[in-house]
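Right after this note come the structures.
You will see two complexes here that share chain A, one where it goes with chain B and one where it goes with chain C.
And then the complex of A and B:
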């Protein structure tokens, strides 16, 4: 088969790009451990309190080791439940130091919600009946708004919270 | 008659055809795709 010299050039360019992207995909999946946020771990959405992580007293931010945190959240229309503070008010803002590793664990009681910490890589779907997990290192200082990015009903836009990363 | 139809269907080998503009267009598109892809990947790694 006859191929023009230039055709060979862009075919090699295209195939080279494909090979490069596949290598990066493999690196992300097998070395960096990138995977879907729902791990086919199921939970009864009618009774999320039965799960240890989502008992009312276990909700919110908890330091489990030096620089390691776990945040347990229950999403429902139209609220993120981060637990209660010392005064019995619902927590709407969590604070973690820069460079800390934070594991977000979240589930939904009713419909599909989103959980995005805007400006970071934390972005996952929250499905009723499933537990979504995402661990991340908070590299940058700032106030990041948590938003629901899956339309969940009439007050969808009122579902928000704040994550503050301090020096 | 049948012979002439067959001749018409044969691929035309024309090594003198000028594909320089096509090469430039394809490479510009390729570089654009790579640049935007690596831009997004940089955002992912830096956040």
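And then the complex of A and C:
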């Protein structure tokens, strides 16, 4: 097949850039560990309480070491269960200090949901039968909206929470 | 090169039937889009208690699956009829395809409209729609398969009658697109027939959610190339004729279609990057395969602009950019697809972000994605389809694209460009700020972040309204071209090869080789991860009706 000389230059340049781009993606993924979340850990969606992290008393925010937190959440249409506060009311907002490392662990009791802490890199699909898990460092101060970003039913847009990062 | 055939009246009727459904879908689906953007601006409530997610489902199914598939199959039938011919038997099969698809469409549409299928066009389990929705979709796919095998047969018959000759370029391209469509739709068909229908009818208690999603996206990405390839057919083999030029390179065009066939299917995981149940190494492998389509895309971009320049210089336009200045800007058959080509530059750049292993998590399921595919499919692809309709419809109905209709078409293209620039830009920005897609208006927990999203949602409503005006105008032009424009002969433009063009290598028509490589790539990309999904599957999911308002 005949290729025009300019086209050869164009394709070599394009393919070279592409190769470089893919090497950068691969380097970041395999050497820097920036893979998207995937743990292949399964769970019975009808009995999520059997998993230690998702027992009712373990839901919500917990400090596990200095500046290190774990947040356990159970998603169901149309709610994120972050556990209860001291007054027995459902928690809708969690607060962590700036610079803390937070591990989000979440699963679904019913349908597919999304879990995004808008304005951060925390963005996961939440599927029945699977545990989604992502650790991040909260570098910026502010109030971040947690939104369900996968359609889960007709009140999907009313499924939210808040993460506050304070100074 | 063979002389193109004449399209007989009874054949034109078949091709036009697909066009009627296309433009009816445009009006219905476009109206739904308008209502969505208005509802999400927070300034309007939907009348008659219509659910936002009902219209969202109609919008996605009618425009993403129905409009596209009907237009593509109608257009491709016309291309086959023009280049290799159609027999009585094949035409009958074409009607079977049409009616099966139409019955399926009506079934699915009615089920959605009565509120029994608020599951959006991706119908993710374990949300359960009424079985009629899945059966309707299955009929659309089966109908499209009738068209697939009819097109295969058309080329086969021609090859037998024209031994040793290379197939007409456009017929070759149609067969590539249909081969891709068939291989890809096997995935969604398997999911619908084996998983969804028995489960929705209650014969199977549970469903494997991750498997159903994987089968959907095995189909879902080639679906977008199935939309794009007919636009590429026009760019490679029709636009050159419209601007008064010749085909840039027959073999290059074929090669790029072959590459698109090979690299459009083993790539579905890039839609599933943020899912918990798939090994990240396999996600990465599919990301790499996804990016291979950059190569045929670069080839396409080069040859299109090379055609523009060669043609312009041959017509005597001097200077570095004289050829560009003198392109037929006032011919809507050129202008509409050209705007589509331009939109593909930001569209493609956004796509690179989406498919990137890591950057994806910034925009996954945000309204950025919606902004992205409104540039690609709803601008690049649809404006090229409109550009085709301006000559195809009058050619089939024995009418002419009058200067007045041409002018209206130019106005339509400009309205579309303005509306889409506003809407899509607002969507991209809102998405970067974290605003979710597929969501009704909501103030969530309030605060500055949410407030910033709502401003962009207003802009989307403005853009959406302008686009709807464009849709009404397009439907008006279509009705004129189909029923009222003056009688006459409109050209069916097919570009010819240069007289001294180099011969096309025979290898490019070795179907066993290319389809063999395609299947090998699919097996490589999917065998191990699907095996893992099956081996590590959690207990299945029972159906959920109430979240979508079914009781």
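By definition in this document, the second predicted complex is superposed on the first by the 155 of 167 C-alpha atoms of A that agree within 3 Å, B and C clash if a C-alpha of one lies under 4 Å from a C-alpha of the other, contacts with A are read in each partner's own complex, and residues count from 1 in each chain.
One rule holds in what follows: a contact is a pair of C-beta atoms (placed from the backbone, for glycine too) under 8 Å apart; a residue touches a chain by one contact, two chains touch by 3 or more.
Nothing here was measured: the structure is a model prediction, and the numbers come from that model.
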Partner chain(s) touched by A:2 [first = chain B, second = chain C, both, neither]: both
First (chain B), second (chain C), both or neither touched by A:156: second
Chain B versus chain C, judged by how many residues of chain A each one touches: C
Partner chain(s) touched by A:97 [first = chain B, second = chain C, both, neither]: neither
Touched partner set for A:119, first chain B, second chain C, both or neither: both
Which of chain B and chain C A:140 touches, first, second, both or neither: first
First (chain B), second (chain C), both or neither touched by A:67: neither
First, second, both or neither for A:10, with chain B first and chain C second: both
Shared chain A surface residues [contacts with chain B and with chain C]: 2, 4, 6-7, 10, 14, 21, 119, 121
Chain C residues within the chain A interface of the complex: 51-53, 118, 120, 124-127, 209-210, 213, 249, 251-252, 255, 272-280, 283-284, 287-288, 291, 294-295, 298-299, 302-303, 306, 352, 356-358, 360-362, 364-366, 433-442, 444-445, 447-450, 502, 505, 508, 532, 536-542, 544, 546-549
Residues on chain A engaged by chain B in the complex (per definition of touch): 2, 4, 6-7, 9-10, 13-14, 17, 21, 24, 119-121, 139-140
List of chain A residues in touch with chain C within their complex: 1-4, 6-7, 10-11, 14-15, 18, 21-22, 25-26, 28-30, 34-46, 77-78, 92-93, 110-112, 114, 116, 118-119, 121-133, 142-145, 147-158, 160-162
Chain A-touching residues of chain B, taken from the complex the two chains share: 11, 13, 15, 17, 19-20, 22-23, 26-27, 30, 33-34, 37, 41, 44, 46-47
